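Chain lettering (A, B, C, D and E) follows the sequence in which the chains are written, and residue indices restart at 1 in each chain.
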């Protein structure tokens, strides 16, 4: 280990990005041989997880702004550089990605059609996500931002549900519109910076020094915001998500909700806020209100759903509203809470999506009217369902609570009204979550049928998540520790 | 004198062209156009381009138009029975176009000092033209010659009888 | 002993809960049962062992850091002090007996693993509330009891009503939790700490207006868990759960949590007279409300449920009157006799062949073991406040505190208290008469009552009857032991002349007797229930459910429908689809331009030329003299 | 000769418009091609006039080459006409509308 | 003309005389394969010649440039011709066309494109344009068994003839005003004090109309879908790429040489660019036929290219050049996929024929997906870098409005490209298999794929080259 640690130049971050890509290519080369593809995909994602874990353990406690930084020239004409940078937040997101991807691969184990392509797309998606979380050059970032869309698009449109094509197109175009605005703003910022300093570059770290007039800053910020808000998604730009999540195949939903949604918020943290501090300061109140509106709107909407996947989709939106609220509070504790909540929400909701997939596999339905009484039929599955639902509704001692309470405590410091209103949302979360639980595992069994309980593969997916949910709920310290420095820097460097 | 002649020729040209485009019978149209081109050739001559004028008569009126005539006759194109009922949609752009072009011309003629300048007397001897053509513009001539070669091929390819069972 | 071992008190039930949850169903039944009882009993024993730690300032134990971010630093920490110790002892003690009872009660149910796990977890959560050193840990337990009540009330999940009752309990109490949560956030923002003691220490520095607000928030939080008006609707429905669960909720855990919370924050709450009045008012309102409701109830457990509400209302009044010791005194005695009543009610229901309706019972004193009647009666006299019982002394202490409060408003509350006492005596004996007197009116066949369901009643009945000894007032020769034990935490010193005290005692005795007599007169021989509007109004708990339904549930559902269908489907998706349609209609218009006819294409050419010309014209006109 | 340059251009413009009218108004392929010839001749007129105006040879050369090009184009075009006639026995341009949308 | 000029003209000569030689060989020797191979070889030799031979003069006969820019495009079009022939091989053999004629026409067209790209004189511009246009008239209608091809040929011919009329008249006007046909001068002399003289303006406007027809700017684009649909895919590929690319390349060259001359045309170009992007993307949205869709998409691309041209900055010109190259490579790829799937039932065109084809021919359909995504501008593909460069240049020049229109068009284009990709992998029932494709077709596809990826990920290679050759 010490030998490895003494090699600071080893491109770990590139490895994180390229490893899944390589895996994807290998999968494609083995198309037609399903078993090999599965093994390849699993091996790749295991390797990625190993690397992520190694980074977490060995590089998680660095000094200074960056834990790891890679920089080399790429497209010199436009000052586009190959910059990968990892700070505490990125570290957590990378770890989450690697972890969730393992679950996704396991969940996708039973995919029958076009196995090689499916796994290749999953791995490509992982690569894209890693890129989003690590890239520190705007164009490079944008590259991954879009590249991550494509696999998801295909996952939905080929392996999705009945309305898959419509949902896939909606998902893609909606997020695309947002990201195009980002592209335009990005180039404009590049021009302005280049005009001022003579250095034409897209590296975020250098663009930070751009001097912008208030109008310029406002417009550019709006451009970036368009991309991130749609992706987050904040109400009223969320309807793509409900459709996409509902129609996506199981592994796709898992990645979509667990990881892809986080990229929008991550973009805010990493790109939009630092680049445009003044505009951010002006915008934060609106962001907070939007987050609250989203939180409530989604909670209400969730209550009305019958399709459990749709309900969970809305619950995701609601939770992310809270995450955004924490960011809008612009306070250390709230930020750490938000980031922690991103991680925990990824795990809990991801696990719920896994369970929905398992339920669907067994009962061939996702409608609450046709479900119920699962506790008597598949107790272990129902237990996990209960556990993750409870975690999702923010029960203390389970993962989400840790994040939520930090967000609320932090938010209350400066914006008590927000926090109080958000807290009311907790009741609503309980309302729809309890309705979900009641509709799925309690009540009389909708149909007397003998369903198989969890298989070892499914245990393998769920048990680590369950343990993690409890661990994060009771002892999130190891995951908070890498954040302290990064968040403090971001907050200090952000608002003037 | 030449000035007046120029204008007369111009009007003949326009009149003949107008007749050409309004004839139902293509044969008549072509013949009117040939007449117009003769007038145009004379205008060329007046503008100091004798060789071009000659070519206009020989190549354009004499060859190209006759080629048209030939094809028309060969295919036995009858005068169009159905009047080409030009609906207003088809007239509209034309009317607007004519109006705006007229307006443009007037504006230019009235406003632009260059437009009011007279064309000087000019005569370009055929010899000079030929020299220019085969020295400075030899490359262009080569290109045109290639063009003609491939036009031949094209005409050959397209004009061949249709493969069996492929007509209609 | 090492004080960090204090953690064993809550962790033992937790450990047993987890073991039961994971392996309960795979191991012999006996194992699960022993495990469950051991967990709680062990906690009881541990409490006794650690008793000494509670004296003085108490003992604080820190396990590890939970959350650490910025100025926030929360640890898993317990505080075993003088307030917590008796409560812990009561919780573990009563819960142990209830667990024993439950072993008997559940011996025919197959899902025992989940049941005992939840039961243990329930005790664990309650212990966490009791022992919590900081608000966040308290909140953990606070939500924990909500969860466990949810799981236990809806234990027989196959019946949808049960599951719904559980959901209702969780939701309504969670409304209260929100207020507690707000208080938590606010307190942290004000004091920068979440430690309860530290907050209490700094309470004096908080502006008085804020204190009022905070106290009211805490009060509302307490209302949720303690089923006080306005968050009381869940408790009556909570009877859907198995009887040991009712006993646990009503006697040892959950409903007393609210009272305990207010006692915990007494130094803060007592700073504001307004808040204290509000607490008393809530208590009084609930006491009388629940008592009236109890008079009309037909199900035995619902009567008891409303009586619990009513009694907890007394405890609130006690807190409001400033006597923590009085509140805790009533809390303890109430825990004993209410546990007895519930467990005996469970036996009664067994006897009546799973019949809940008291109008279909009667004569059960002769049908079942006679001891059951006596035990039930013991609980009933305590509840009715017959002189010399534990309930009598604790209730009297509260009335005295109300009567002697300097603020004249409290006389009104006292009057309400007295009236409630009258009603309590009446409905208690109504219950006794309807259940035990006369002839059997039902059709059910009695089930056998296992031994384990019987003998745990005895110690509790005795404790209930003799509970007065805990805090026997000085003028009857008692030592006010509880009051002295609490010391500084005991709250206001209630002092009155002995004449006043005797007068009040006499009044209380008279009231109890009057209630009994009224019940005797009315129910000595069986009469069918009244069917008029008043009784229906009371039966439905003052139409509270309907009100909540109309005020909150339906608007919520309507809002949900609006957000989902109206807003998302129609407005947002509609806008998107509209945009898409708009674009595609442009597209089809454009495509129609491509008619496939050359003339069209050529005129498009002309139009294009026209554009160029038009632009050229504009240039010419604008350009002027070029 | 005392013709203002503008007038020569005006003649050419009128001729061009006439040619364009022919293209736009007539439906028969032959007539459309004739219209194009008229347009090209209008261009020739401008070239020749400009050549005189600038006293240069280039304009006239352009016209010569334009004629040659036209000849080539007309050859192909007329071959196409014959080909189409053989296929469809019609030369009405709008009859050839197998593709649209 | 001197010997030096001839040396500079070597690649063109190789193409032209090679074409002629193959034409003559074809008259006696009917076996298509050697003729095709000869054609490909000729094109490749021409490309090599253009790359290797350092021309001794800067320009050829005053008509054409011999600079790096011209050579670059000569190589590109020669390679395009080679690729076009490789793709066309099966088409020629199956349809029984005269290989000699076909090959020579393609080579001849390539020569025309190469000349056009390097035109520095309006006469050269005109002649070169007519040269390859004439070749295309013939090529489009070359399949005499197909009624649609005849119709396409007719449409292209008539529209082209009218466009020629406009072009000639426009050039005449420019000449009338400026007194010269040499390009930078003609452009410069039509302006006084920075503004165009009125006739000159009109002249440029009319040239723009003709050019607009060639590169399908709205509203002169209506022929495009019909002709693409009717033309056989190998010809369509050339038509979509070379004939448009060469024109744009010529315009880039013109702008690069003469500096900003289009100041007065800006509004018009702005309007045309916006119209074109909208018309193309919206038109494609309604299509149910891949070739028509590609046609409309090419319209959109031409609009975007116009944006790049409009900037007139060196950034804009470099971006446009890059865009042209990328567009050529991707479009060629798309048509090559179509051609390679053609069998006795014809080319797959209608969406119904594509449905589920991805499961039958995964590799080629994956290539098609990549090509379409590149056309749409997905990051990581060359198409993105092209669009990025153009948008960047446009923003630099302050054309925010156009960029936003372009963004809208891009969104719409993603919609229709993605619809095709979804179609390919719809799985109700696997489509019936199509032709497996030949080695030469696969080679072209592989080359296009590689180019798309390489230029997408490492665009620096191409950008460096372009910035070195831009005049």
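FYI, a residue touches a chain if its C-beta (ideal position, glycine included) is under 8 Å from a C-beta of that chain, and two chains touch if they have at least 3 such contacts.
What you see is a predicted model; the values in this text were computed from it and never measured.
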| item | value |
| --- | --- |
| Chains touching both subunit A and subunit C | E |
| Dominant chain pairing [most C-beta pairs in contact] | B-D |
| Chain whose mean Cα position lies farthest from subunit A | B |
| Chain whose Cα centroid lies nearest the overall Cα centroid | A |
| Chain of greatest Cα-centre distance to subunit E | C |
| Distance between the centres, which are taken as Cα means, of subunit E and subunit A, whole angstrom | 42 |
| Centre distance in Å when subunit A and subunit D are each reduced to the mean of their C-alpha atoms | 64 |
| Distance from the mean Cα position of subunit E to that of subunit D, given in whole angstrom | 26 |
| Subunit C-subunit D separation of Cα centroids, rounded to whole Å | 95 |
| Of all residues in subunit B, the ones touching two or more other chains | 90, 93-94, 97, 101, 104, 107-108, 111-112, 114-115, 137, 140, 144, 147, 150-151, 154, 157-158, 162 |
| Residues of subunit D touching at least two other chains | 5, 9, 16, 19-20, 23-24, 27, 32-33, 35, 44, 49, 53, 58, 61, 65, 69, 72-73, 76, 80, 83, 87, 93, 96-101 |
| For subunit A, residues contacting two or more additional chains | none |
| Overall pattern in which the protein chains touch one another (line/ring/star/complete/other) | other |
| Every chain pair in contact, whichever chains are involved | A-C, A-E, B-C, B-D, B-E, C-D, C-E, D-E |
| Touch list for subunit B against partner subunit C, complex | 89-90, 93-94, 96-97, 100-101, 103-104, 107-108, 111-112 |
| Of subunit E, residues touching subunit C in the complex | 154-155, 158-159, 162-163, 166, 192, 195, 197-198, 201-202, 205-206, 208-209, 212-213, 218-220, 222-223, 225-226, 264, 267-268, 271, 279, 282-287, 412 |
| Partner subunit E, residues of subunit C touching it in the complex | 583-584, 586-588, 590-591, 593-594, 596, 598, 600-602, 604-605, 607-609, 611-613, 615-616, 619-620, 623, 626 |
| Subunit D residues within the subunit C interface of the complex | 20, 23-24, 27, 32, 93-94, 96-101 |
| Footprint of subunit E on subunit A - complex, ascending | 31, 74-78, 113-114, 117, 139, 142-147, 150, 153-154, 157-158, 165, 168-169, 172-173, 176-177, 180-181, 183-184, 187-188, 190-191 |
